Every structure is written in structure tokens, then in C-alpha cells.
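Here chain A shows up in two complexes: once beside chain B, once beside chain C.
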Partner chain A sequence: MSKPRNRLAAALRLGAYLAFAAIVVAFALAAPGFLKLGNLLNVLQQSAILGLLAFGLTVVVIGGGGDVVTGGIDLSVAANLGLSAAIYATIIQRGYPDALAVVACLAAGLAVGALNAVAVTVLRIVPLLATLAVANIVSGLEFVLTQNSVVTASSPLLSWLADNGPLAIPVMAYALILVTLIAWPAVQATPSGLRLQAVGAHREAARAAGLPVTAYVAGSYLVSGLLSALAGILSAAYLTGSSPGSSETLLSVVVAALLGVVFSPRLTPTIGGAALAALFIGLLNNGFQLVNISSYWVSGVEGALILFVVACTPAQREALS
Partner chain B sequence: MTVASALALRAIRKSFGGVQALDGATLVVERGSVHGLVGQNGAGKSTLIKILAGIHHADAGVIEVDGVKQTALTPSKSERLGIHFIHQDRLLAPSLTVAEALLLGHEPRWPGTPFINRRRLERQATEALRRAFDIALPARALVRELSNAEQQIVQITRALLNQPKILVFDEPTTALVRREADFLFQAIRRFRAEGLTVLYISHYLNEIRDLCDEVTVVRNGRDVARVDARSTPTTRLVSLMIDRSVDQLFPARAPRFGEIGLEVVALTLEGVFRDVSLGARKGEILGVTGLVGSGAKGLAQALFGLARPTSGEIRVGGAAVRAKTPRAAVAAGIALVPEDRRRHGVALGLSVRENTTLASLGRFRRFGFLAARREVAAVDGLIARLSIHTPNAETPVRALSGGNQQKVALAKWLIKGSEVIVLDEPTVGVDVAAKADIYREIAELAANGAAVVLVSSDLMEVQGLADRTLVFFRGAVVADLETHQLDQDRLLTLVTTGRDDRETHVKAAE
Partner chain C sequence: MSAYARFGLPAALIVLIALFALTTPTFLTLANLKSIAVNHFAILALASLAMTLVVSAGGIDLSVGTAIDMAALAYIVILQQGGAPALAILGAVAGAGLVGLFNAGLIGGLALPPFLATLGTLFIGQSVQQLATNGGVPIYLIAGAPRPIFALIDASRLWLVGLAIVGVGALLTASVFGRRIVAGGVGPAVAFYSGVPVRRDIGKVMILAALIAGVAGVVLSSSVRSYAPLSGNGYLMDAIGATFLGTTFSRWGRANVAGTLLGVLLLSVVKNGLLLTGVSFYWQQVASGVVIFLVLALSFVSRREG
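Presenting the complex of A and B:
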């Protein structure tokens, strides 16, 4: 009875790893510099922002459940990143120190997360719509702050973040590794992480087990808000300031979080899966650049990946019911 | 008595929006016993259990646990008192492992860290399963990979970890096969031997006799008897459960049967029912009944094209229905009135008129446009004839009561004149007055020459309305009888035990 289900899950996972490997081999053959250490570190650096956002979204999907329509999702992560970068750049430009900018960014990120949490848990709006609306509000705030123009900023912290660290590895690569090393065990190996997963997988069961369901769901949006703000700081460092157009990363984030599902043994969203998926997308972007294919094609590939993953999950769910 | 009962609910009253669900029901369960609770659908069993669980609050009455009077039970308070529930639907997160699901909320950690000690988690889970059921479920298996019975074992073990004083089982064997149910009974007997008090709710009366010490029978919101489970014959329980006061609900009929309208040959739906054959003649009402999980409901779904049979054939007017989808079923001339009328039976936003003529717009069309006057006249006639309570024909169906919505759902097929009409639980959640109207409507559908299949768990309804009745029990048809050969006792016995105790064992001829 359980055999076909497992086979389907295993096939999906194997397919995902094979696709990953195939892409790497293809780019390695087509673009000579692709496998060089320097380039791979570059990919790691470029994936940091995407990775942090994908972790946040993953936490929300874990706690809200995987249903594409009614489950947990946070569409405000990209806008939140934009606002955070704008706040950071503006504060630096006006001559205030890094510490104040960091605190302001984290506070703003948490506030956005709290707004999402209220919309979803108190007003009981479907997360898909609630976070879309919040994303609009947040983008509006960013425009008000920056007048929809580039705000350049340089500061000691931003320069350090954009630079290479020890062993000539970019600091942002370290940042991604560090956050992964914190988030992975926190989500996959603590009681809180397990309970969050239980809340998302079967809310009634979690309630029957005596878990504070609403607190877990609300908490997931706060985590996502905080990680978006951190990503915003990295973005301000990478672009030496803030520039409009942050919302374009949203698609990549959704791909990373959803694709992370097929990388995980239980076919559930996981931090490890999201990290792999973020690297996968980073490699795609990088490889396309190296073989001189327009980066606009990446959007197409990402869109196709979303369709693929989402198409797999209902089939999967049907097989499980 | 000097020793207080483990549990006592006395003279409990509860009404929902004017409907008296419980009207002075009493349930007393002695410590260390297995107590059965039986009654027909709607008798008030589940309301009583929900009050005990703290989900509903009684309007009046007393609840005592271990002789201590309790006011205002809530789910968490009920749990603190040591009362735990094993619900029919398994409350377990599918993507957790057995060990995680068992110990969710009480996960062991590595000392001094925030991290789960998986090795201990799995050892504790294995240990708990071994102690409770003496079985070895793989602690790392995902819940969604388990069978129904295994999931139930996990859930019961989870309840046992909380050291309950009273375990309440609500229809636990519905999704289990015979062997699994026997395994469950052994476990329950062992729990009793260890001093646990068990309240056991079931439709299966032979389970009650095998397992329980005492049994309380509820009917119409009251407890009508508390008897010794072993010495009381099933027939006695059956007659206690039957309400003999309602009769005038059903229309007088003089059925005239034509040729076979619907024929089902050796139909099997894997895991639901097997090898079912039936024939419904034009003008006939064929009743199909059985407990939840007996397969009666599955037959309705197969006829609707909602479930795909593994083998066998469905024929309408002699022609096999090929593609098994609702659309194909309708195209073949099968009209469907599903149980969930809000989802499938009526379009809530459309008016009474639009809903009524939705399936037969072709008849009211002229030059491609709707011939409004003829349509309105036809619908107004129906509204009057069926006493559909609506301000007018243009009122959205959303504004009508459940019973009147159902009348609209039926009127749709009455106006179309379908040959085969399948009704799935047509009067669930409908008040008595509307019931009588719906019964008249069903009788009229048959009188107009339709073959009507009435799938219903309301035995009164089946007996009062059907010309012939098929009884399902655990996936098989155990009786196909002319309804006049059936009385309520015999029907209820068949439904709850799968056996026909009559000596006059007359099988209806084809």
C-alpha cells in the first residue's frame, strides 16, 4: 500500500538531483570558466540574498501548509527586501551610522512580518491575498522613501559585506552559510520546528495535540519578515545602495521555496531543500550569463519550474489521500 | 452505591437553533468498565460526546467525573480530567514520522540544547507502541504511509501516553477491516483489565455485545435504556433504538413498474464494495442503505461518476455508460441529487427559476433565446406544487432554507423528466416539514416514470419510501428485499449486523 507512494516521492527527488547534475555538467561543458572556484564562490555570493528570502518563505510554507491556494505563502518578501535596502541607504546617506541603519531595517522587517501575521491570523485573510496586499503597501512605502530612484550609499559595514572575507571567500557567501547553519537545525531539529511542521501539515491535529497553532503561524511570518530585512541589508551592500525593482526577485524566491520541496526526503518544504534550490537558481543565472544567453530567459525557466513543481504536488497529494 | 461512577452525565439538554438535540439524556459509566453507547443517526449520540469533550456546552444538566461535579467543560479541561477521545477521523499530521506524531509536544531533547534527541524520541515511541499494543511499527515511517488501522494505533497510543482515566472511542472501526477491528477489541479488553474506563460508541451492534459490559441506548435526545450488554439480545437493542412515532411523513403511493431503467452488473469499487448487481425499474424507488463505510455511499459515488469502478458495468435503458464522469452520467440520462447540495446540487447565486430550468434550458429556447414566459409559467407551477417556500421565483437560492434548497435541486430533475434519478441522502439536515414535501416530490418523480435510486442511511426514510431495498454491510450487498417484507427491526438488524435473523428468509426474485 505504501510502496507506490514512496516510489513516486523517490522518483521526484531523484529527478530533481539528476536535473541539478545535468545543468551543472551542461554549463561546465558549454562555459569553460563555470567550474572555476572563483566563479562558484561568485554564485554563492549571488545566491545569498535569494537564499535568505527563500528560507523565510519556506518557514511560512511549513507553518501554513503546502496547499497552493489556501496554504502559507509570503509574497511580501521581495517588497520587504526593497524597503529594507531603501531604509538602509537613506539612513546612511543622511550621515547616520551603520548600527542605527541595521536596527531600523530589522524593525521595519519585523513590522512587515507582524502586519502579515495580523492579516492572516486575526483578519483570517487567505495568505496569498493578505501578503500580496501587504507587498503593495510595502512597495508604496519604498517609493515614498526613495521617490522611485536609485539611492547610493557606502559605509564601513556595506563595504565589508560586499568584500571578500578570510580565504578570499566573499563575506556574503559566509553570511549564507552562517544563516543556513542556524536556520537548518532550528527548523529541522528542534521541537519548535517539528511543531511548526505539525501545524502546517494538519492544523486540527496540532490543535488537538495542544499546540498554540495561531502563535506558530504568526511567528512564521515574523521570521520571514526578519530574514527579508537581513536580505535587504545584503542587497544594499551588493548594489551599494538601493535601487527600484526589488519585486523582480519574487518569482525566484517562490521557485526556490517550491523547488526545495522536491529536494527533501519527505517532499515537504525544508531549509536544506530551499538552500539547494537557491543554489540551483544561482547556477542557472550564472551559467546563462557565461554562455551569453539573455538573463530574461531565466525568468522563463523559473516560470516553467513553478508550473512543474506545482503540477507535481497536487498529483502527489492525490496519490497520498 | 458507595463508589462514585467514573463518569456521569445527567439530564443533559441541548438545543441548536430551535432543534432539541438532547432532551434530558443521562449517561452513567462505571469505573473500569467498557460502556457502549448506541442510537440511530440523529438520536443525539454525537452531541452528547461533544458536550463531554467540551466542544458544546449543555443548556442544562449535570456532569460528574469521578463523582466531582464539573461546570463549564472545555477541551483542555476535559483533557486535564483524564478524558481522551479517539475520533473517527484520524488527527495526525501526515508528513510526520510515527515517533514524531506520537510524542509531538513532549519531544525529548539532548540535555542542555534546544535540539530533539531523535534516538530517544524513536526509542520512546517504539517502547510506547510495544507497551500499548505489543506491536513494532517502524518509528521512522511517515504517518501518511500507514494504513488506517496503523494510524489509529498511533492515535490510541498517543492518548495512552497521557495516562487517561477515560478513553472515548467514537466509531473506531468504521475504516477498519474485520481482523484489524478484532485486534482493536483485544487491546480495549486489555485496557479494561488495566483499570481504564472506556466509552465505546458504535453502530455495529455485534461489536457492542462482544466488547461492552453495559450499553446505553439513546433515541430522540433521551436515554431510553441502560442494559447489560452481554445478556441483551441484539433484537432488543434494535427495538429500543427505533422510534415508532413517525409515520404520516410518507405519501401514499400506487407504484406501477415499467421496464428496467438502471442496471448495475457485478460492479466493484476496490476497497469500497465488491460485486454489486441491481436493477431499478421505471416507476420504482429502489432504496440503498447501510452504515458509514458499508459501501452504500460508495455506490452513489460510482453511479455519479465521482469514483471509478474497478470492474463491472452500469447500464441505462440497456446501454452501457462508458466514460465514468458526472458529465457522462448526466449525458446517459442519470440525474444526480448529491448529498452536499451546496457544492453540487444547486447554484446558490442563481435564482429559483434559473436553478430549476438549468438542466433543461433547451426546452425553453426559441431562436436561441430563452422563452421567458413559458419558463416562468412552468417554474411557478412547480413552486406551488412542491410548496417551495420562496418570496418569488427570482429569489436567489442562497436565501432559502436547506429543505427548500433541496426541493429546488429535485425540481430541476422533475422539470427535465430524467429516466434515472439517483438521490444521495436527500433529507440530511432538513426539518420535518420540508422532509414530507421532499418525500412527496420523490414519489412524484417515480410516478412520472423515473427509476429512482434512493441512497440513504435514514432507515425510516428507506422503509417509508422505497419499493425495494438493498442493504450494504462491510462492502457487500447482504439483502435485496421487497420493502413490504421489511420492518424497522429487521432492517436495522441487517444494517448493523449484516445478518438476517428471520426464519422467513425470502430473497426477492429478480
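Presenting the complex of A and C:
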């Protein structure tokens, strides 16, 4: 990698951090409650669901490569979350214990991941299409299960997840931190994580080096499925049940995974970057609420952010020019 | 690629039509076929033709729904304010054209990748619509007043679709500009060094695609006689699906008008047929998802064995 590129990347990353800091400062000045510990913990709690989904998508993008159509992408994460939350709520409502609900959710999430994996690695359907078709099936199943209505559920586990844990920190905040602490080193530092990156960076070279390329790509979809199911459980806790419309979070997840790229040292998708990006979006949503700016602006600001970020990312631009 | 892979999509379409014709008495009636063409096919065909144009040029347009919505918004608001129908149509062209120009600036001017650029446009379009409608309240026109423009558009919607089919088809296969954008889509670097202004071309394509989507917006809001915010986004995933299903019909796996129309027809037939078979409303989405998945699997598996 050439020096100017490195310098540019460093400048860009600095710019992203500065933008992050500037927004925090702006909200802190405009809304007195913004920097209170309680509020920041709220943000952490509210970012947990988006964060887990963004991690899943990031893992898929790392393993599949950056091209959106032929590379790795998982458009089924949001639908998977919806199905998982619906399964959890339905099982609880019918009087079964939490343990069964958790197992069923994780199994369903893995099954969705497995279907994606088969579609992409065995049937060789391009990931954009394969995961789009799977997303349709999955949100159809959610529709069947909930009849497109709100399913309320309360259980010991759900209340515990929605509540504060030790040190008055929300349990979901712990969950986000815990998953980040597991996923970050797993993807960035373990042998399997590095091999996954090799597979995504140059599939033929990885295959020539003897890596089981197919297994790694398939594995990335399984991880994504599992993380989406976990996010679904958190969502069931946060909303005390399941409600339709989860697929609308898909684009925010894509944004978080993309923004994560600029928060990373070499402008590549990373877990740490995705975590920062999810927090960034969480802070943005929270700040807008506190300063009483209409939430109608949020998606516009997110859109402008994507454009800004991408316009500044030379790696993305080189692809076209 | 296996020579048979191309025929997966039409074969699936024929099998589905036969299946629905055998299982329901009403599927193969003239009235129902007309309903498929008018209700399911027309708007999705317009959105998918816009998508086909962009995908041919090597891009993707996540803001087709945004262009549909912005056209519909301008059209209905001008009519609501008592503007002349011609002015309303002009407004719709401007609304959709604005989306196209914005995309053209981002992709052609700033050289942003189309997926991300149009994703940004989609988000900004969401905010604009929410701000314009106080969070998503539909805009209805006062009932009772006769609106000949709606009847006119309703009656001519299939002609508009036909016009778009011929236009996009001729552009892609029989014009210099079409050859250039396909070259830019297949090999941007080669095209660029051969003297093709790749970025300027894709900018023009984005504007053209948004205008075609704008026609869909006028057709849609004329038929429901109102504007419902973000309703165009409902066509996005289907338009992508139809276009890429259609690529399986091409010898080279490229987006093409005939394939896209087959894809749109497949999606329309599945939706309509499932409705008629009386499959539980809630299972219909699963069933249509499974059908699309199977068609994709069939096409891609047979393609690989070539």
C-alpha cells in the first residue's frame, strides 16, 4: 500500500473521529442531558440491536469481498431479526419457558443463515439476489406467525434483558459490549478470522493457499444468521414482544456496516468500526430526540452521512474510475 | 454457461401458468389476465425497466422508489392546489428528474459507487417525504370533483408501459448510446480507455431511469387518486428481483428488456395466482419467496454446469 494512500486513510479516519466528536459536542451544548451517564447508557442500550446486525453483515462482507452485487452481502438480517422476535414472543405467549424460546430463535437464525449459505456457496446464486429472496421468505414466515400484528410477551428473561444490570448499566449495553469483545478479536486476530479476511480479499489466492474457501463463506452467513437471531431476542425484550415492520431496519444496518469502514484503520470493514458506527447512529438518533428536532430529519442526515463518507473514501471511488 | 440455463425463467413461467390454470377456474380468464396486466404488471414493469437500464450500465438504482414517490408527490400536490393536469405532469417530471439529477451528480460527477450513492438518495428522499407530509400522512384529493386526467392515465397505462418497453429496448440494443452504456457496464476500464465517457453516460442513464420511474409514479397515484408517502419503495425489491431474474435469460448473464419483462410477469403471475388459489393470505409471501428462490436456484445451477 502506497504512502499517500496511508496518509489519506489516516486523515480520513481522523476526520471521521472528529465528526463523531463534533456531533457529541454539538449535542452536549444543545441538550444539557445528553452527556449524562444515564443517557449515554441509554444510547448504548439502543445501539445494541443495530450493532449486532451490523456485526453480522460486516462478517459477511469481510468473507465475501466488497463488491455489492457479487461480493458478500446479507439482506436477510433484518427479516431474520423480525422472525426471531416473532418466534420468541409466540413461544412465550403460549406459555413455554424462556429456554425453549432461546433455543428456537437461535435454531431459526442458524437455519436462515444455512439457507443463505447453501444458496450462495452450493447453488452459486449471487449473494445480493440469494439473500433478497431469503429475506422475502423469512419475512413471509414472520407474517404467517404473527398475522402481521403485535405479539406482546413478557418473561423473566425478557424483563431481565430490558432492565438494568450491575452498576445500573442496562443489560443490553452489557450484551453489546460482550459481543463486541468476543467478535472483535475473533475476526481481527484469530487464525480463522484472518483466514476469513484472506478469503474475502482475494478468493483465488486463498484457495491456492489451501484455505477451505467455501466453508469460510458459508460460515460467515451462519454467523450472520446467529447474530440476527440474538438481535431478535434483544428486540423482543426491548419492545416486550414482536411488532411488524422490522425489515425497515435493513437500510440502517447497511449504513452502519458501511460507516464502519471509515472508522477502521485501513478503510476496510471491521467489527470495531461497525460498533463505532452503530454507536454513532445511536447518538445521532438520541441527540435529535433530546434537542427536539423532528425525527423526520434522521434518515436524511444518515443519507447525507453515507454520501459524505463514501465521497471521502478513495478505496470505494477507485472501483469506478 | 449451459444453453438450457436461459430457458429456466420462461419454463418456470409456463409451468406456473399451467399450474394456476389447472388449479383455479378463473386464472385463465380474459378478465383475470387483464387484471394481471393492469394491476400487477404495469407499475412494476416501469420500475423494472428503469432498473434494467441502470443495471445494463453497470450500476444499480436503490432510489427507483424515491423517483416514483417524488413524481407522485409533485403530481398530487399540484392537482390538490388546483393546478392544471399538464402542470401536474410537468411537476412529476421535475420531481423524478430531480432525483435523477441528484444521482447523476453523485455517480457521474463525484464518481460514487451507484449502490451507495442511490442508498443515500433513498434515505434523503425518505426525510423529504416525511417532512412534506408531516411524518407520512397520505395526501388525498377531494372526492367528487371529476378528474379526467386520472381516467386518461388509467386508460393509457399499458400504452405507456409499451412505449417504455420499446424505448428502453431500442436504446439498449439498437442505439450508439445504448452500445456505449452496455460497454461501460461490462468493462468500465476498457470502455474508458476506448474513449467512452463512462461517467457522463451513467449520469445520463440515472436521469433517464428516474424519469421512467416518474411515469410509474404518475400511473400509481392516478390509479389510487392519492399520494401515500414511501409507497414507491415497495417496488424496489421486486424491481431488483425482476431485473436480476431477467439476467438469467441473457446468454451473457446481462440485464435485458425481454428477461426483465419475463421476470416482472413471473412475479405478477405468482402474486395473482396465489391470490386465486385461496392460499392463506399470510402464506402467500412465503410461497412467492420460495418460487423466486427456486427459479434463481434453477437458473444459476444450470448456468454453472455449462
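Please note the rule applied: the second predicted complex is superposed on the first by the 306 of 321 C-alpha atoms of A that agree within 3 Å, B and C clash if a C-alpha of one lies under 4 Å from a C-alpha of the other, contacts with A are read in each partner's own complex, and residues count from 1 in each chain.
By definition in this document, a contact is a pair of C-beta atoms (placed from the backbone, for glycine too) under 8 Å apart; a residue touches a chain by one contact, two chains touch by 3 or more.
As the structure is a computational prediction, the values presented were derived from the model and not from experiment.
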Chain B versus chain C as contact partner of A:164, first or second or both or neither: neither
Which of chain B and chain C A:306 touches, first, second, both or neither: second
Which of chain B and chain C A:208 touches, first, second, both or neither: first
Touching partner for A:124 - first (chain B), second (chain C), both, neither: second
Comparison of chain B and chain C by chain A residues contacted: C
Which of chain B and chain C A:297 touches, first, second, both or neither: second
Touching partner for A:268 - first (chain B), second (chain C), both, neither: first
Interface residues of chain A shared between complexes with chain B and chain C: 320
Interfacial residue positions of chain A with respect to chain C in the complex: 68-69, 119, 123-126, 128-130, 132-134, 136-141, 143-144, 147-148, 251, 254-255, 258, 294, 296-304, 306-307, 310-311, 316-317, 319-321
Interfacial residue positions of chain C with respect to chain A in the complex: 60, 106-107, 110-113, 115-117, 119-128, 130-131, 135, 188, 199, 237, 240-241, 244, 280, 282-290, 292-293, 296-297, 300-301, 304
In the complex with chain B, residue positions of chain A that touch it: 1-2, 5-6, 185-186, 189-192, 194-195, 197-198, 201-202, 204-206, 208-211, 266-268, 320
Footprint of chain A on chain B - complex, ascending: 76, 79, 91-96, 100-101, 104-105, 107, 109, 114-116, 141-142, 144-147, 158
